[in-house]
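Before any comments, here is the structure.
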């Protein structure tokens, strides 16, 4: 059978990335407490294509994904990227894995426990001999407006917000990227807001978080600055980007703030 | 050229609805203040198909939409439904039009003005000689939790919520459905919540709505009950459904409540 | 601490449904082949509220969900509904669980295997002593246009479509609802289209499905009729609704058809 | 009243962007044929914030938007950015405007006319004395698979795809960015695919586009290369990014390709 994809292309135009996207697949990720967690990911996989090839072989992406099923972590990503480059005869490869991740959260007063979901992602890219990894976490939080509190006789508008935090780590003495856990980024984000958000709160807990938020008013600007201060102090952090969004309770639009930072050489 | 759609079908299975969906189109709707408002709709149009026809003629939906462009209102819907039935040789026809609608809102203290968006829809169905019309409006509001206020020494969690209100009207002496304006449904929804949501608030306004919300705590249950009380009193209302959702500021999930009601005969 | 929710309400307005929505949670569902499958669900849980209560107790929904974690199937739903009614002191309860479900699919020529995702749901409602269950499946398929094939000298436009199928089953001699597997509904939907959709196709497979689709042209109307014919013949089916949508490859809008059917008494 | 936002911040952390997002607003854009087109945009507006300010003044974004209403084009963006910087006392400002844009399309055989929607955007950023503008267009197209055509005895799988094209232009002798019309980018994208997509096709037109697509098979790789070849030849193009996605009719996932290019100095 003819292999059109393998034919020569004469337009002299290399392609940065070509592959599959929006593929849902069950995966297993590392869990700091329980070792492994089964979840469902949305996956993009791609490679570069030299100018002289007409097309890539799309089915190989799903083949490789199927072979590695059960193991899509920061530890296994380098191997998957390497396999992609080899099997697709490519200079560079890129994988993006987005998934809900669950953590057991303990209510602050009653100790009631339930699972809460965080949208997370790994992005890995291997280009020649250099690899690049980004870990991302989206953390829902409560934010209470300092202006509203200061100018009102009582009350203060507050809302659910999300802090999206992406990070690249520095390398250890074996040139391996330092490990940062999803759990650690969740902690940084939550402590940068007015209060954490919980899956299960009894009345005593609700009283606790209501007053905690009122005691810790933050603008969306404060949230990204608080995250920045924490991340800059962590020597494992090579680069990060933080994007906070408040679903303003007094408006039908959102407020947001963004900071991107690279550790100076 | 052969007309496959017009061929006989022998499976003896009539089809309830067949047509086009998710079609974006610019439309003009009625505006209580400014007479006309240009906006962009997402449109579904369909007809019933008798068991003996193999298919409908999909292109005619877009033709009819194009002919009626510039006029998709509660007044013109009956004519569009009639045209659909005639041109597609159908017993019944259905049109669903969803669109953002803009109202100028005045901030409560400073009088600052800006436009706010409300997602609205008309659903019209004509079945034999009987017509049915539903008007829907989705209104963003502020809700402040009565429980959180009552049990906390200070503060109270609040959040953006949405009240979705759908209505069928009774008929006047000419057997025409009574007119209810989008503006009226927005007013019912906003006055059922802790405070309205505004597009533009200066600091004096923010102070005003912060205290207004604290003075008017409502559960999601209260919001649907307040809407219900108002709608039952309005003699033009034949049927309504209200669905309130709070994007809880202390959780990563929502709270909701629903009531559906038909005026007793 | 004061319990506002338990206070009397004097508006004399009962509430149809009140509860939590858009809650993500890991669940385990039944799998015809592998017995159990871990996945991630989006969950709505609600109860009715009598007119004399001011509010429901939202935290109990998550408590009950947490207690039943690991078992959200057609078999366990009745127990969950019963617990909801009991613990929330309600006349009726409703649970909606939406989740991606994975099946291993075998490519038609090479036998290559990979997992494919289907969006599925269980809706359960218990009202007084009567229970109601709906199973829903959304199946992606290929559809090839019979008109385009008939009028063109070569080729035929085709596209990805989705067939959404919801079903209620009749009861067996023990008054238990008959079991229908997700796998069976997927099979009905796929055999009603021009060809199934696969997660992994090598070139010999791509040749196979290309010609299979060309040999089996179907309108969106045909897809809902084919599903209807199959469902009506299955004595376990009490009621079903089928909604087919084609993401037309020649338009930027979709074509759809719908049939709803109840088995005559 | 106290102005918290104006207070000093001591964390020494400047903020890249702070502002409002997901704001829906009616706008007027330039139309090559009809001069002006009313549509509805989703808008993000932001400014940088020096390290010594605690917060920005969010209400001013909506004030400025309201003042400039009726004119959000590549021509007026520089003025809006300038106003943002001035009124919010900021070093840099950024505006992102996304909107549906409608063009009348003429069916290829019968000449039938109807409007088709294209999602478009302007991104403008002003940093100190340097301004940057990006125009983006998302164009739905038909793509027919060359491999499927070559290896099958008859037929070929095809599908709706989208080509997303973003461009920065070179500057003319007055240092103004060259104008490129949305209409021109649509033309580049459509001529890079197997066939355009239309809002209204009669049977003679359907025959035409079916055979046109079969005569012009393209991989997703070909689409980005065809766009690249056209853009590189246009001297007005300083930079572009093209991202093509095929909603594969034989899979439940998509295929994509990406090229980014800057004109060499």
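Structure notes:
Each chain gets a letter, A, B, C and D, in the order it is written, and its residues are counted from 1.
Criterion: a contact is a pair of C-beta atoms (placed from the backbone, for glycine too) under 8 Å apart; a residue touches a chain by one contact, two chains touch by 3 or more.
Quick caveat: nothing in here was measured; it's all calculated off a predicted structure.
Of the two chain pairs considered here, A-D and B-D, the higher C-beta contact count falls to A-D. The angle of the rotation superposing chain B on chain C, based on CA atoms and rounded to the nearest 5, is 180 degrees. In this structure chain A contacts its sequence twin chain C using mostly the same residue numbers, the overlap exceeding half. Summarising the inter-chain layout, the chain whose CA centre lies farthest from the centre of chain A is B. Centre-to-centre spacing of chain A and chain D amounts to 26 Å, using the average Cα coordinate of each chain. A separation of 30 Å divides the Cα centre of chain B from that of chain D. Multi-chain contact residues of chain A, defined as those touching 2 or more other chains: 1, 23-24, 62, 117, 147, 151, 199, 201, 203, 207, 251-253.
Residues of chain A touching chain B in their complex: 116-117, 140, 142, 144-145, 147-148, 151-160, 195, 197-199, 201, 203, 206-207, 209-211, 213-214, 247-253. Of all the residues in chain A, the ones that touch chain C in their complex are 1, 3, 23-26, 38-40, 59, 62-63, 65-66, 69, 100, 102, 112-115, 117, 199-204, 207.
Against chain C, in their complex, chain B makes its touches with residues 1-2, 4-5, 9, 11, 13, 15-24, 44, 46, 49, 54-56, 58, 62, 146-147, 150-151, 219-222, 224-225, 228-229, 245, 251-260.
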